[in-house]
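In what comes next, subunit A is part of two complexes: it sits with subunit B in the first one and with subunit C in the second one.
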Partner chain A sequence: MAPPFTPYTFIQCPCSDSSTFNRRSPPSTPTTHHFHSDNDDNDDDDDEHPFDPRAPRSNYSLFPLEYLLYCEDCHQIRCPRCVAEEIVTYYCPSCLFEVPSSNLKSEGNRCTRSCFQCPVCIGPLSVTSLESHPDPNLIPAPDNTSAAPHGGPYILICSHCAWSSTEVGIQFDKPNSIHAQLAKLRNGGNPRMTAKERKERRKDLAQSLGSSYSAASGSGYPSHFADELDLDLDLETQFSNLKLFYQSQLANANPGGGASGGSASGSGGAFGDLGFTSPTSLSRILNIYTSTSSQDKKAKSRIGTMREALDRDEGLKIANLDESEAIAKLHAEDHAGTVSTSQLLNQTPQLHLGEPHLHGRSRFASELRPIPYLLRTKRSKRCPICRHIISKPEAKVLTTRFRIRLVAGSYIPSITIRPLSLPNASTPDPSALRPSKPAQFVLTFKNPIFEPVKITLATPALTPGRFPSKVTVLCPQFDIDANTDVWDEALKDGDKRRKKGESMDSATGGNNGGQHQHQPAAGKIWERGRNWVSIVVEVVPASLRKPMPVVLKEDEDLLEIPMFVRIEWETDAMGDEVGAVLGKDRDLPKLKRELAYWCVLGLGRVSDQ
Partner chain B sequence: MSRRPPRGEYIETDTGNKVARKATLVGTQNIMLGGKTVIMPEAMIRGDLVRTLQPSPSSSGAPPNNTAVAIGRYCFLSRGCCLRPPGRLYKGLFTYMPLRLGDHVFVGPGSVVQAATVGNYVHIGAKVAIGEFAIIKDYVRILDDTVVPPNMVIPSFSIVAGQPARVIGEVPEGGHEAFELRELYKTVGNNPQPAPV
Partner chain C sequence: MSSSASMLTGSAVHRSVANIRSPPAGGGGGGASSSQSSGPSTPMRPITSTFASPSSLRAEEETILIEFGTRKLLVGFAGDAAPRGAIWFGPEQQRRVGDFRAWQSDYHPDWRNAASGDQWGKDYELWRSDVRDLDLGLVGDKIERALRDAFTKYLLIDSRPRRVACVIPSGLSIPLLSVTLDSLFGRFQSPTVSLLSPPVSLAVGAGVRSALVINLGWAETVVTAVYEFREVQCNRSIRGGRMLTEQTHRFLAKHLPQNQKKPETEDHENSQEYVLSFEECEEITMRLAWCKAHPSSATTKPAEGLSTVEEHDESEERRASPETEQPGLATIPLKSTSPPVTLELPYDLLTEPCENTFFDSRHSPASFDDHELPLHLLVYRCLLQLPVDVRSMCMSRIIFAGGCANVLGLQGRIFDELSQILRERGWDPVTGKGLDKKREDLEQMKQKARARLASGGTTGPTSTTQPGAGEQDGVWHDAANVKPEVDPIEEQLKKRGDPTSQEQGELRAVESIGAWSGASIISHLKIAAVATVDRDLWQQQGAAGASKPGEVDSKMQQRQSLGAGGFMRGAGTGHNSWTLGTWGAY
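And now, the complex of A and B:
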């Protein structure tokens, strides 16, 4: 059975409309407010901006209120898609240690302490002593709180699926700095050279082989050395070799380029002047491979003097196409011995650690490596228009405080939805939406700001899509009282204000007949409280079979109402903040403000009967 | 007997705790409640699983700390959940270690918590299993049916789901207030108040 449907409200960020996004909202001065208080012209806005929550683009602009921020300078909503993020702190999500950003370049974006995830199930790995049962006589030293008090060797073990590093033949001498120890171990326990060691070893080899090595191309090494080096030609080394090689080739192909500034302006002479790292040069190299047009002939003939890498030292790596070993292993180990795609994707490309080359890598469970935890960040967020910071956490990893946190929920009303169940109604499940059967929902708007606000709502009469449902907002315009202090409210008997059936027009507000006669009526608020107002929305769901039975597309049975919300309020001219102090000097001119946005109300799924 | 007012479903303590009579609290002398905590019927707290090895018996003359489960303020333990101190071999001997919950911790129905610590403002969904010695920091939301492996550390502002648990999202800046349990506290007890709007 499907889980019960929870009604929702998603709000559209202004960044989804590129025509208005780069324009700041009009400054709110007493002279420039330009809204109308008439009831009748509500429709103007939605005619200009038809909004379809089902449109594919809407997926990218609708957010729950909690995900939205608010810029106090632009007086506008900001969403995760349009804010500019800046990283405040990097930290490991497992040991919670901060990683200085300077370390990231050298060490990579993973924890380099002892924090690893299981390569099989991604559960956390713990360091455990292999020593099974320590001598119980050695126990009483309770002041030592170390979790791994036993002697080595140590292994990593998964606390969820019980995978252990012994399955890939790896154990450690020390219980700490596992990352550094692992970098020097191949699966199976053989030592593995780090990139630095490999470089030095290569130098030693070259010297021992004498000067003939550099002249011979590719076949200079005795075969057993070649195999060993080939195995060790990791991606990083190969890349640096290739880079060096092409640099020398470019220098040879264009000997005069470096000196003369004049030739750099010509199409062929750009290399020397701009240097290898410039994007222009790179695009020229790519051009060698992609260009077929004749106009580049001159350039091509020049570049044609370049040759390709011919040996290991120049970055040539011969692919090992002989997979008979892997096939034999597959026969022996069966499907269970192989890794899944997701396990393979979780494996890290540990370039800086001298990872073996990609060819034939990690197809077997025995080739899996523990996954060092990816670092996490704390980030501050800026308004994309005015660049003011609208959210900024404290830098320390262990604190949850924010220096700045301008969340939209402190500025715009929350909207909650519940099905209306009248005491005398006979429907067993008021939340069920049946075709052509009117259903009523209570929308509650709660005002978070310290000023009273005026809300104006507009919805299309029919929801967009192939199965339009009828929508009627019984009370599209109403005022909500300020979010006054709770204690102020307690002093003046707040319960008196929680009255039902209050009419917008006090002349017709004679609905005093008790709870049972409280019926939803056009133009009337359903319920009102300290800083909230409930209204009723009536829907007549469409039949999903008209005009003939059709195959429903995904979520076509979902009844979603696009709703345009306009909020108007007055604020003190001095305090630019919305939460200006109440009871301030009343002589100050009041500023009129308004904020308007689309939202979508998800009411439920229309049943197919 | 008949003259007495009917006994409420909850025992309400001086510090505002509301403990259902049908909750199972074992070893109550080892259970510390910070106040204003709700314990629903059929919830269980294993205060009897007290640590057997004291950290440093010789260092001070203070009496040994026998707290097995410590719970902060405004926690909410739903029906059928269980708080159980974690245990492990400590230098060859098995011992339980205390389980600590911060303030505003919601534990969903049918969930089992064996963490070492749960921070403040943590929402644990229904039928969640939290393994032994897990550490859950502040403002964490654990979705229904999640299995948090033993020893896992969940940093602040994580949304966690899956078996085993993985971080699937980040609690947004505007989502902090939703962890607050003051209002929920008022809706249960012998004189429950209607939920506010």
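And now, the complex of A and C:
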């Protein structure tokens, strides 16, 4: 809602047309009527359904020109929705360190160094020694952990909102590898067992209890151990307990036939045991080859049975429905002590793995955890049809260059819009459109390619929506000259500028007997340059309170024109063309090409007067 | 979770070995627990097909697990304990690409105009179950963009086709399901999509085979009885998060200062005018809504024969704490009013929206329609309609889930209300004054008879009082005395020497790790889903090609039982008949 309105252009990628991309509607379902039920391929289809830029769906298919790529082989626009992506590099946006893809699997999608975001304001957190006076001028970079000059406990502090990890009771011993340290700390500073430690602990317990130990008898624990473990039963622990339990149950339920029973591997045969050296798996593999059919049948006929989890070690947790503590805390802490929705959204479920059950969310500000930075990726993009790479960034994190980048802007004409201010026009601010008052706009099409193109425009006479404005394109068909050699451009530059200045003069200062009449006329090009052409569009905005004053939705006062652009040009035939479009004629050395798409021109806001 | 070999792309072979071996936990702890019951044995492996080489096991591409909700998507990899990211739906997500106005400092969303009609909050939902005026294409677009965002931002994956498992509400109508599958197959090219139901996943996530899942969702609250990993009954009520947020709005609007009130707020039941923005109401609901403890939970003694849980002691404390403490004032800053105001309301009042939404004790139980039953009645009714054995299993495995389970005290309150009903009525479907009178009459008759007998002195007093005592809450005891049907699975377990759970017939709540995480376990263990849809078949046949669940019943049974070990359909039979399971029934 910025007051100075800048006209804009959005382009609808042809892929959102249901018939072109791989989104066939199943013909037999009556329920999927939202798709075009007729998959006719002729181009008139688009004309029959004029594009409505106000429809909520069109928000998903419109892109600014800068977002679009172009496949040179298919001669088609490719939008972010219709490219196949491949990942070049994973990196942390904070420390800019590259992360190998194997780490991603094991350690998740966040930076595991010392890069954290503030849970309150998502600003970057920095490591500071608690002893020193935190000097705002000397805040070390998040990854520059050695910069903390003082010893003693360290904290994370936000330089933007001054949140510090002491607010949730977390301090660190070392200034580096904060992520690992944080994983072992609960809010409030209590230690927390990691999955590995827990496993070792359990093993120790099992050994200390000797052979009498069995998972089914949780009461076999010494009581203080049980308490400790119970406290520790967070989401992650319960998950792993449950997983173990089910694995053992499945292993019991399907003992895999008697053949494998002979091997005396002590591993108990859980699913995780896939060591190819173990005799169990060897015999399993042999089994697969020797006795497949009978084995299968036998196993299939046996309905597996498994019991339910009985105690904590198997993942059962009796719910504690007593939330009076939290209620009392809510009363004590008030609105300010609770977290806002946006803060909650940043606290993804993963961060709370180590916490006791919170049903996936925290409620109080004291339950917030620092957010490790999400990793990012550099991606190369391919055309999904012909698999050619259309965008490929440099693999290095620090470079912003691209090896290959076929942006649509260098293949399809750009459209710029400016209001036409005629000398006799009295409106001081031409961008404010007045209801029922004709307004004229100059559309400038600039041809980026080295061939002359022919452009055909089409608009509905009335814009769709509740307030139909009249639209007239004065010159719907024209040719643009080729984007000739750079040197030509450089040489002609002065000339052109002079010319342009002239025409600007003529546009503002009345007709000085130049090459144009400079009155917008039907069928006439307004201006023409080396590789650009301007035409005039006339609109008569609708009154926004036509039958009666109505409640306007957001942007409903915006005058947007849907425009169908069709570009035709001829190129040299280049042998094996993958996506050769219509009009391919083998006799001619020139190949006719065509590109057509809908775009939306945002002209201005209709004033409500 | 079908691991068909055809989709192996082969490029990730080396990577995935580590992935499979990574839960070595199974070797350690699991071995200890299972070794006592069975000898060392090789686990059954999901054999994809007779022709597939077993080496295909190693090259398992990770499965993406998506939980669909009305308000958000949870996305992650199967086998993880928690989803990697959550995507919430909202108006900001529906903007055009390159529209950055939300970041402009002088931008204020014009919610007031956008909220005209019943649009208030509609932009924050993915779908509504009423599909009559729903743009299904738009739903598809929303799903696609949300998934694309999630894949790019949280999963950091490329756009190679991947297998997908969806936790998708089991009551979802076919048009919506079909849009979802279209997006997954069309845009993301998934070779197969498996469908998992949230209640079953929740039960798995709690480690139980039967459960009563109370899903306090956004659009509605769904109470589902799960028995042996099967949904056996499902009751719904529109009392969910949306209603709670609307009640919060109503509540806040009522307490606005006079000058900001709408003049005609008196007709508040039907008022479509909103004075506060949706975000604000939701935020206040999330932050401050809480629920009072059941008023009589501390005073009444637990009835005999219905032992009321260990939670009972705590509920006494709970009741005491909010009352003894002086309930303070809550400050609620409101920004979407003009001008912004700060309300100061006592905390006790803040329970009002919750009270009205979920319990609505102002009205008599008879005045509710089937679709708007208060939650405690809904749960009670669901249990009541279950067969006795199923009920006894389910009632001691109550799982609370869903967004509104976060409302402080709500779970406890529902639980207490339920115990209260059971204490008062037992499992008697008939209620009312007439019945009470009848009971009294019976009682009187009994006493008379007793008196007569006593005066006659023919029988000992003990023998007569016994049946009388039994009949006082006769229905309950009768039900409990019915000889339970033989449970084949339980029998088998006994035969195997596994300890079986004796926990039944008592109200008990268990904690689940959530539908997503439960489904993650299911997927990780390669247990076949009821409904696994192949891309080719879907694109050829669409939803109409699915067989009815009944037609593939025998297979379904095998697949649904967790023990089946994930057998895929055979190459011959399965290729032509596939099912959407429970999803195809609506």
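Note that the second predicted complex is superposed on the first by the 419 of 609 C-alpha atoms of A that agree within 3 Å, B and C clash if a C-alpha of one lies under 4 Å from a C-alpha of the other, contacts with A are read in each partner's own complex, and residues count from 1 in each chain.
Everything below uses one rule, namely that a contact is a pair of C-beta atoms (placed from the backbone, for glycine too) under 8 Å apart; a residue touches a chain by one contact, two chains touch by 3 or more.
A quick note: this is a predicted structure, and the numbers were derived from the prediction, not measured.
A.B. asks: Which partner does A:G123 reach: the first (subunit B), the second (subunit C), both, or neither?
C.D. replies: First partner only, subunit B.
A.B. asks: Tell me which partner A:T444 touches in the superposition: subunit B (first), subunit C (second), both or neither.
C.D. replies: first
A.B. asks: Using the superposition on chain A described above, determine whether A:T400 touches subunit B (first), subunit C (second), both, or neither.
C.D. replies: Only subunit B; A:T400 stays clear of subunit C.
A.B. asks: Looking only at subunit A, is it subunit B or subunit C that touches more of its residues?
C.D. replies: C
A.B. asks: For A:E86 in the superposed arrangement: first (subunit B), second (subunit C), both or neither?
C.D. replies: So A:E86 only meets subunit C here.
A.B. asks: For A:E66, is the partner it touches subunit B (first), subunit C (second), both, or none of the two (neither)?
C.D. replies: both
A.B. asks: Output check: A:C95 vs subunit B and subunit C. Expected answer is one of first, second, both, neither. What do you get?
C.D. replies: In the superposition, A:C95 contacts subunit B only.
A.B. asks: Does the superposition put A:N483 against subunit B (first), subunit C (second), both, or neither?
C.D. replies: neither
A.B. asks: I'd like to check the shared interface: which positions of subunit A are touched by both subunit B and subunit C across the two complexes?
C.D. replies: 66-67, 80, 376
A.B. asks: Enumerate the contact residues on subunit B facing subunit A in the complex.
C.D. replies: So the residues of subunit B in touch with subunit A come to 53-57, 59, 91-93, 131, 137-139, 147, 149-158, 164, 166-167, 172-178, 197.
A.B. asks: Under the touch definition given earlier, write down the residues of subunit A that touch subunit B in their complex.
C.D. replies: 65-69, 80, 91, 93-96, 121-124, 126, 133-136, 138-143, 145, 149, 158-161, 376, 381, 391, 397-398, 400, 402, 405, 407-409, 416, 444, 446, 529, 532, 534
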